[in-house]
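To keep things simple, chains are lettered A, B and C as they appear, and every chain counts its residues starting from 1.
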Amino acid sequence: MMKITIFLFFLFSSSFLQGCSEKKSNNIAVLINDVSNPYWQTFYEGVKETAGEINQDIDIYTLRHAMDAEAQLNQCEIALLKKPKALIFAAVNGVNLRPCLRKANQQGVLLVDADGNISQALAKELGVSVAFSVASNNYDLGTYAAQYLEGRSGKVLVLEGLSGSQPNILRVKGFKENLSDSMKIIASQPADWDRLKASNITNAILSAHPDLLAIFAANDMMALGAVETLRAVERKDIIVIGIDGVADAVQSIERDDLTASIAQLPYLMGREAVLKTDKYLSGEEIYDFNQYVPIITLDKEVLQSRDNQLLKHLR
Amino acid sequence: MTLKTSTILLIIFLAILCAIFSTLSPYFLNVANLLNILVATVTIGILAIGASFVIGSAGLDLSVGSIMALSATTAMAIATSMNAPWFMIIVVCLATGLLVGAINGGLIGFRHIPAFIVTLAMLSIARGLALLISNGRPTYGLPENIIFIGQGSIFGVPVPVLIFLIVCLFAYFLLSHTRFGWHTLAIGDNEEASKNAGIKVNWHKVKLYAFSGFLAALAGLIFMGRVNASDPTAGTMYELTAITAAIIGGTSLFGGKASVVGAVLGALIMGVLQNGLNLMSVPAYYQQLAVGGVLILAVSFNSFDFKTWWHKS
Amino acid sequence: MTELLEIQNLQKNYRGIHAIKDISFKMKEASVVGIVGGNGAGKSTLMKCITGAERQDNGIVIFEGKELTVGNPTHSRQSGIEMIYQDLNLCAQQTVLANIFLGRETQKSGLPILDYESMKNKASEILKALNSDINPTAIVEKLSGGQQQAVAIARAMTFNPKLIIMDEPTAALGVKEVKKVLSLVENLKKQRVAVIIISHRLVDLFETADRIIFMKHGKIEKDKSVSDISLKQLTELLVS
């Protein structure tokens, strides 16, 4: 009796697994980071739903732990075995996929960067040829933040991310170069993307400059850290602008704490990556390496009016 | 060498797993894919061997994943700041692992703090140091010789696999043919008796955890070569996968029993599972479920009394 | 016959409490001495002072005419004194031979490699000498209680001891197993090894011991040859 049960168990389990086996031709493989991060979850949905719309067979690989560089490399090798026509990758860091991407080049697989972890210059340095990159324009994210302050005059504090990080450099550059002359940057300090550090810096600067008008943070986390400090010292009059448009930031804007966030749209990023790769595969040419995904300035007014078309991509 | 029943059962389990995946995916039995599985198993396999020694002594080392990252980042930091030659990266990397492991062992053996607590603390400390040293970012651009360790191959066999093979043979020999191996299991079995028999238990623990740290550093070195970067987040949660592999391999959590062959088979089972599920594009969350399920299945399969069952039914 | 062990005025206090007070006795080669006494009589403390596991406060232990270093287990062991603890101190999941050679494994000459064959041969030899048919490669936890006792004795015998101290060797055994262990002790005597047995099973002592020492409150109350005392008298002593 026991023997039969076990036999049936294996029969059942293998037929069950057969049911969720892969489809025949996998034209596009997509490597994504850890989807417990809402940013990547939204990106994932963008990829998956778009692939369904255009009837493209897609293999999506997600990570079990955030930033697991080795697991992603293993997934990349597995993806190549199935000989896809294109590989879209959101690398966990700039270099972990190098050996696999080189192999992909040899196999003639089209490589598409998503999220801008591999810039044109870095690709060249790694000896990898990437067709194009679908990402937010970090310089523009900074520019939009600067434009939000147009027509005002006063002191502004800049909270930078981890020094050396490419997105940070571009965001801060975009902000500083497009800030109107009436605004004066009194300090620009790295808070390393960290909420607590941002909060502490804000506190210190505020005691030296009580007449501060605005704070620009290179991501939402640091902006929310600044908001914490301002709430504690009851200085809600100070304008705080962050970048990314994460759910916490949106809630904070709705509560009237955070003033604005320049949002990236990961859903749209996933969608564009698939659509553009599909077009490229069907012969359409894409000239620019950098294929920028639209970004959007979120503040209370925009959120309430709901008339911006891009808002539907916000999750 | 005679094969133990538990080893045969593990091989059968692995074969069943492979059979299922090969019917589900035409790519599974591809030579390139089988090599992929081997290469992907190396880091976890090396850590699992260390885990089987430590757990065999009724201890635990939760810090190996962090030691991997710390060894690699320390070696890289020294190499870049002092412009040291490539082999210094290897020396510093392995020495760091050895030292951190010895500190673990010293605290456990001489201060008598439970291994769980010491290595849990070290998990945090080593990771923190790795992040501090590297400023939280991966450093890339390694010398070609280090990249060779992770990506090269000799006569078609990937270098990581060759290193793994050497480690396996060495560890097998160490466990069954040296005093170190016998004393490890004796301590895990009955620490009081080992002490009474004249074994210097506290020193043995220093050596044991240093060995575990050394293996972690070696895994870190291979990791570094594979991804061409010293990554401070490398090896996060690897300790748990390694312990899982060791336990699947028949190492007793209560100590006294360990098997190098078992640990390697356990790591291979984990590797095959990961590979097969990825081939079938199973989302990460379901993979988590599968890993837990296989642990339970493999352990109950392994402890299953086959002979009695066969005669009864 | 010459004196093997001589104890002179041994004293040991634990935080002001006298565990043993002024104990002296002598013991001959290849003789078997039984030690009886209630809880707290000082039997274990006395043994620990002989094996060096405890340092006595006063008195000396002379073994084969030489004074033993106080509180040095290695010296006692090298001099030829082995102790078998009540719980046997075996590693249950390891093989018989791993237990026999525990901590003193034979290595191939000049190499840090175990000499498995030579250990196995020697283990077989010793077990055979003890009239035991245990396979040296068997796992200890699969053996019976009496067989495990034999393994512990074999371990003690491996390095040619002159004296083996056994703490309650028959306490946890069935009748059949007790017989086997007692015959093991007989065997030791034939191999010219002296034995001290601590036991509360007086019947067993009467079967093997030449002499019985009765201890109470850290002192020797009675020290008699078995022919000079009856089981009944001894039982009365213990109960009183």
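In the analysis below, contacts are C-beta pairs under 8 Å (C-beta built on N, C-alpha and C of every residue); 3 or more make two chains touch, one makes a residue touch a chain.
Quick caveat, the model's predicted, so the values are computed rather than measured.
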Chain pair that, of all pairs, has the most C-beta pairs in contact: A-B
Chain with minimal offset from the mean of all protein Cα atoms: B
Taking each chain's C-alpha mean as its centre, the one farthest from chain B: C
Centre-of-Cα separation between chain B and chain A, whole angstrom: 33
Inter-centroid spacing, chain C versus chain A (mean Cα positions, whole Å): 74
Centre-to-centre distance between chain C and chain B (centres being mean Cα positions), rounded to whole Å: 44
Residues within chain C bordering two or more other chains: none
Touch list for chain B against partner chain A, complex: 16, 20, 23-25, 27, 30, 32-33, 36, 39-40, 43, 135-138, 140-141, 151, 223, 226-229, 231, 233-234, 236-237, 274-275, 278-285, 287-288, 309, 312-313
Chain B-touching residues of chain A, taken from the complex the two chains share: 1-3, 10, 13-14, 17-18, 20-22, 26, 34-35, 59-71, 73-75, 77-78, 81-82, 93-99, 162, 164-165, 192
Chain C - residues contacting chain B, complex: 73-74, 77, 85, 89-94, 98, 102-105, 107, 112-114, 116
Chain C partner contacts - residues on chain B that touch it in the complex: 177-179, 182-183, 185-186, 189-190, 192-194, 196-199, 252, 256-257
